[in-house]
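You will see chain A twice below: alongside chain B first, and alongside chain C after that.
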Partner chain A sequence: MLRPFEIHEPTSIAEASRLLADHGEDAAVYAGGTELILVMKEGLAHFRHLVDIKTIPGLETIAYDGAVLRLGALATHRAIERSAVVGRHAPLLASVASQVANPRVRNVGTLGGNLCFAEPHSDLGTLCVAWDAVIVLARDGEERSVPADRFFTGVLETVREPDEVLVRVELRPFGPGTGGAYQRFAMHERPTAGVAAVVATRGGVIQHGRIAIGSVGPMPVRASEAEAMLAGAPLRDEALREAAKAVGRHAEVMDDLYGSAAYKRHVLTVLAARALREAVACAREEDA
Partner chain B sequence: MAPQGGEVAPRRELALIVNGRPAVARIEPRELLLDFLRNRLGLTGAKRSCDVQVCGACTVLVDDRPVSACCFLAYEARGRQVTTIEGLAEAGHLHPLQEAFIEHGAIQCGFCTPGMILTALTLLREVPTPSPDQVRTYLKGSLCRCTGYWKIIDAVVDAGRRMARAEAARR
Partner chain C sequence: MSGVVGTAMRRVDAAEKATGAARFTGDLALPGLLCGKVLRSPFPHARLVRVDTSAAERMPGVRAVLTGGDLADLDPYYGHAIKDRPIVALERVRFIGEPVAAVAADDEAAAEEALRAITVEYEELPAVTVLGEALAAGAPRVHEGPLRPGLFHGLGDLRREEGNICYHYHFARGDLESAFAASDVVVEGEYTFPAVYQYAMEPHTVIAQWGESEITVWASCQHPYLVRAELADLFRVPLSAVRVIVPYVGGGFGSKSYTKMEPLTVALARKARRPVRIANSIEEAMVTTRRHNMRCWMRTGATRDGAVVARQCRIWLDTGAYADNGPRVAATAGDAAPGAYRWRAVGVDAWAVYTHTPPAGSYRAFGAAHMAWIGESQIDALARRVGLDPLEFRRRNLLRPGEEVRPGGKPLDADLVGDVTKVAAAVGWGTPKPPFVGRGVGVGLLAAGAQPVSTAVLRLQADGTVVLLVSTTELGQGARTAFTQIVADELGVPPSRVRVAGADTQVTPFDRSTGASRSTTLAGTAVQRASADLRGQLLEIAKRVWGLPLSALTVRDGAVWHETDALPFPELLARHFGMVGGELIGRGEVRPERGSGSYAEGPVFWEVCVGGAEVHVSPETGQIRVRRLASVADVGKAINPQLVEAQDEGASLQGLGNTLFEEMIFENGQLMNGSLLDYHVPTTADLPDAFHTIIVENGDGPGPYGAKGVGEGALAAVPAAIVNALADLGLEIRDLPVTPERVLRCLGVLGAPAGTGGAAP
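Right after this comes the complex of A and B.
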């Protein structure tokens, strides 16, 4: 059973951040609660003060200004999946959101909660890292932007300070000649492995490729060896295949209940090849 | 419920609509929606099983969307509409989904059934006549230990068709 706690209902980021600062380790941001209530119920953590950020107006907004897609921290997986704006400018994100968990978790769980919890078996962090997403954190009166590949620091750990609130995620839709894809393998609710790829092409040459792997190690990370192989490579299947092999070979993977390290390396190689091919196919469409 | 270790949190008033009827109670913030429904209102259709949001036995609808009541604070339902399986039949007539589950033999022990039916209902509202594959994908987070799923999928597909036909006839 849950131990007692109080719920605070701030109406601004500044107020939320002050509550978090005042109560220190005894406080936690409460968004959808799909992870927080779970860990508190299991007795893995306890906070006497939950700061409900759903009472702050506007944090669920999804908007595109012609250059950047801004997703409020409180956008639920379902809202992202169904958003017309996301569907038009970032259909890949909508498709990944639609694969998260089950309808109940998608309906309540938020993008900000997914990223801040930093559970290794997650899809959105991996996608954000490959997409060069920017994560915006705020406290009383100040904001800072953190590139997604520097946001995660370990299992359940991020660069977020205890009194900071993740307010939004910013993404740039793919331009002409650029395509992206996400491939996941899941036996249980949460993914066993995920690979995200964003490939920019011009005139039969790969300009650069961003690859991120997730769920296999403590946090989503870039596959830099494979990315280096792609830069300047001819747009041929062989180049993609070799890069995919490098993804599996160089990945830092953990043994866990989802599978052994060797197994995960194999799965990563397969997923990376699929993701790269799909990203390239999508880049060709964008080009056409 | 006696608080543990002398800790207390102030109670607050919770007012919501459950199956079309207003309900009011003074609750502690930690009270889960599942316990609120089962223990205070005697609505035992939603079950506790996995307790970690993977099985769907505790599914209820909040403003017409499915949630896992086992991990959802009752506080979150303030001012909202909650629907449990008890609220589906109208004037003594079972809902077409309930009928289809019975006719297709999609119920064995029945423990998963309330959650299956409420989840399927939200699918049918979005996709009135889903394919078996669409049903399978949507119900992936709803577990059944008894039926082997085939009959559940058949029942949902069939209920969708029946409801669409009835809807067409009404127009």
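Right after this comes the complex of A and C.
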């Protein structure tokens, strides 16, 4: 059962940040509430002050300025999936958003909430890490940008300070010759494993590939051994297969209710191969 | 007959449920109703050193705090099979989640705060949380002392067994050793089945009121009369001083069979002297009852030319800390183990075993769901060994109607060969298969009906409306609709003229239980008989009025007719009573027709569990996709074909969950996936690509119009069919659920199966 709490409705980031600072450990940002209310209901956490950021104008905006796609923290999975702007400039993101959770969570759960909660079994974190997304945090009067692969620090942990609000995520659409893909495997509500790949190619050679794996360890991470194998490799299936094997081999993987480490390693290899092939195919299309 | 029997008439509760007007126990309001909350044990086994409730009692809004100390004037043990369970923990706790204290307060927040203010000092004791530990020599005992039989054990002689054995069921026929010696091929294996949660949308909810002369209970229970008897016994009052009322129930599937949260709620209301409601959360429901996890060893023999010879089986069912329905589950699993084959010799032992885990009880198709897939996978293995098509092998060996199933029990009453042939065709048997696609069928029998005792009363009102009083509970299965159809046809009135009252032990007459696929068959017969009784009375009145012989009269359209003259029911009533306002009462009963009606002489009928599956396996991820699923609803007569289909589809989907992914995972007695976030209940997203329910109406059931029960069989058939479809692809499945990881292990992709196929203890 939910214990009593007070809801604050700030109208600016500065006000939200001050409320968070004032109430310290007793306060939490309240976005869609799909994670927050659950943990409070189950008695795993109790906050006496919820700072509802839905009353801050503009935080749900999705916009593209010709170079950067900016997704407001309050953009829901559904909004991302349906956004024409995302559909045009980052269709991969729309497709991943459409696979998250279930319709109820997609309708109210937000991008910012997904990233800030840092639940290890997440799709969007993995995708952001491979995409080199930039996460923008703000407090009273200042903003700072954190690359996605430095945002997560552990299970349910990020670099966000308690009085900071995630305000937006910034992505650069893939250029010519670059393609991306995401592959997930899910048996339960949340994914068991996910692999995101972004591959840049030129003239039959892979210039570089960024691969992120998620849901298998405490946080999404880059598969650096596999990335090193891809750099400069010929655009041949064998190269992709070998890199995929390296993804599974080197991954740091936890045993949990979703499966054993051995199984997850195997699935990562399968997913990595699929994601790399798809990313390469998509790069070729972009090139054409 | 007005002709609604056999049609897909719309559910009588459809509008009420769709609009939210239907009332469930959680919707009821009573003056002064308090909110009850339960403090539960964090240890699997511990001595209660001290329970200090003084701080909680002083908190604002708190009206009563109940502990074991409040029960000193009672013999506080209950259990319909074995009286082994205290209303609230007394000297020790036996599982994580066992109630240790309960609070009644003005609102939920106050009750929760009070729970936090109770301090309990535990002294941890060694626990046995898995079957192997419980069965080990010298294992700590979950229960000491003799077993006391419950009010409805129906188990014959109850003996105290060794160690942690709660109950042992055994039967044998023929000489096993010589029969196996005479078998040319023998398959043998060890198997496991997981603990499973029966997820009902509405968790257990009870309101209790302790009055001067009556204990009144509103409960989401399946068997109000059995709950009444247990409450009367516990609280030392006459049966008639306990009134159990059952509003609509939001799904049961066995989880609300027998007595669950009712004694604790009554004890709390007794202390508070105010009405109290305890409503379990899903997390609490999960530790209130579950399906038995199981280990099993089985061997089966056949001749080279494809005749089955012998089967032997040992079954260990983990019943948790209290027996609940474990003994019956063990007996039913034992009955299901041989399957529907003609054996020269068969021997079955089934044990219900106590462990320090949450109690396990009934869940749709219990026993048969545990066993059918095991027996049927051995049948397939034998068929392959002797070079026969599994369908052909079954045609040769399946029992025919009239043949003995179990010594001393009811002979087979269904055409299984016809049934399995139909499902095989529905999944494309014999047609070419794409790569990684396998097909399988499964056949089983489930002892259904429980004890054949049901009664019904029909009241014909002055305006010609009929009110049916019957204590079958409406769980979503559609009992009220089926009964309405029977009454409408028997009395020749439109269904809109029939009302079915909710179960209320002070008003609606005795029905043994709502479960075991029995309601349409047994309570339905009582309803049909009550209708016939009422019709007879109406004819008698018309005969007197008109001075005509009965043979000249017919009943239809709410009237008695002679040629073109009609006497509508209201007029008949007015003539009979000499005033407007009297009513006629029809009564119907069902009781054992031969013998005592005991389980040993039963079952009332054999419920058919026949299914077919076509699956695709991804060799890369191990993921199984069910392409086609077919089940037979061998109902004798489908009173409402749409409800029959809905029953079968629900059972199939649960069967799919039980086979592919459902599992309650315990570590040292702690449930690790104790919420719906972590425990995957099947949803529409898990539906197979195609789903066939084949309704078979051979008129061979003991119920109205030759009907017999359905709704459970598919849950036993689907695991068997899927496991055999996997066997068709060369996967030898020994452990459910068949997760993708297990598939890959079976394929040898991840190395040998580790920690599976649990060695028999």
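General remarks:
Please note the rule applied: the second predicted complex is superposed on the first by the 288 of 288 C-alpha atoms of A that agree within 3 Å, B and C clash if a C-alpha of one lies under 4 Å from a C-alpha of the other, contacts with A are read in each partner's own complex, and residues count from 1 in each chain.
One rule holds for everything that comes next: a residue touches a chain if its C-beta (ideal position, glycine included) is under 8 Å from a C-beta of that chain, and two chains touch if they have at least 3 such contacts.
This structure is a prediction, so every number in the text was calculated from the model and none was measured.
By the touch criterion stated above, A:G177 is placed in contact with neither chain B nor chain C.
In the superposed model, A:P162 makes contact with neither chain B nor chain C. Contacts of A:L38 after superposition: both chain B and chain C are touched. Of the two partner chains, chain C is the only one touched by A:L257; chain B is not.
More residues of chain A lie in contact with B than with the other chain of the pair chain B and chain C.
Judged by the touch definition given at the top, the superposed model places A:E189 against both chain B and chain C. Touch criterion met: A:V267 reaches chain C, while chain B stays clear of it.
Once the two complexes are laid over each other on the shared chain, residue contacts for A:R3 go to chain B and to chain C alike. By the touch criterion defined above, A:P218 lies against neither chain B nor chain C after alignment on the C-alpha atoms of chain A. In the superposed model, A:R104 lies in contact with chain B only, and not with chain C. On chain A, the surface touched by chain B in one complex and the surface touched by chain C in the other have residues 1, 3-4, 38, 42, 188-189 in common.
Within the complex, the chain B residues that touch chain A are 1, 3-5, 7-10, 28-30, 32, 51-54, 56, 59, 65-68, 71-73, 75-76, 119, 122, 138, 140-142. Within the complex, the chain A residues that touch chain B are 1-7, 33-34, 37-38, 41-42, 48, 50, 78, 101-105, 107-108, 188-189. Every residue of chain A that touches chain C in the complex is listed here, in rising order: 1, 3-4, 38, 42, 185, 187-190, 257, 259-260, 262-263, 266-267, 270. Against chain A, the residues of chain C that register as touching in their complex are 108-109, 112, 283, 620-623, 661, 665, 672-673, 675, 677-678, 680, 739-741, 744, 749-751.
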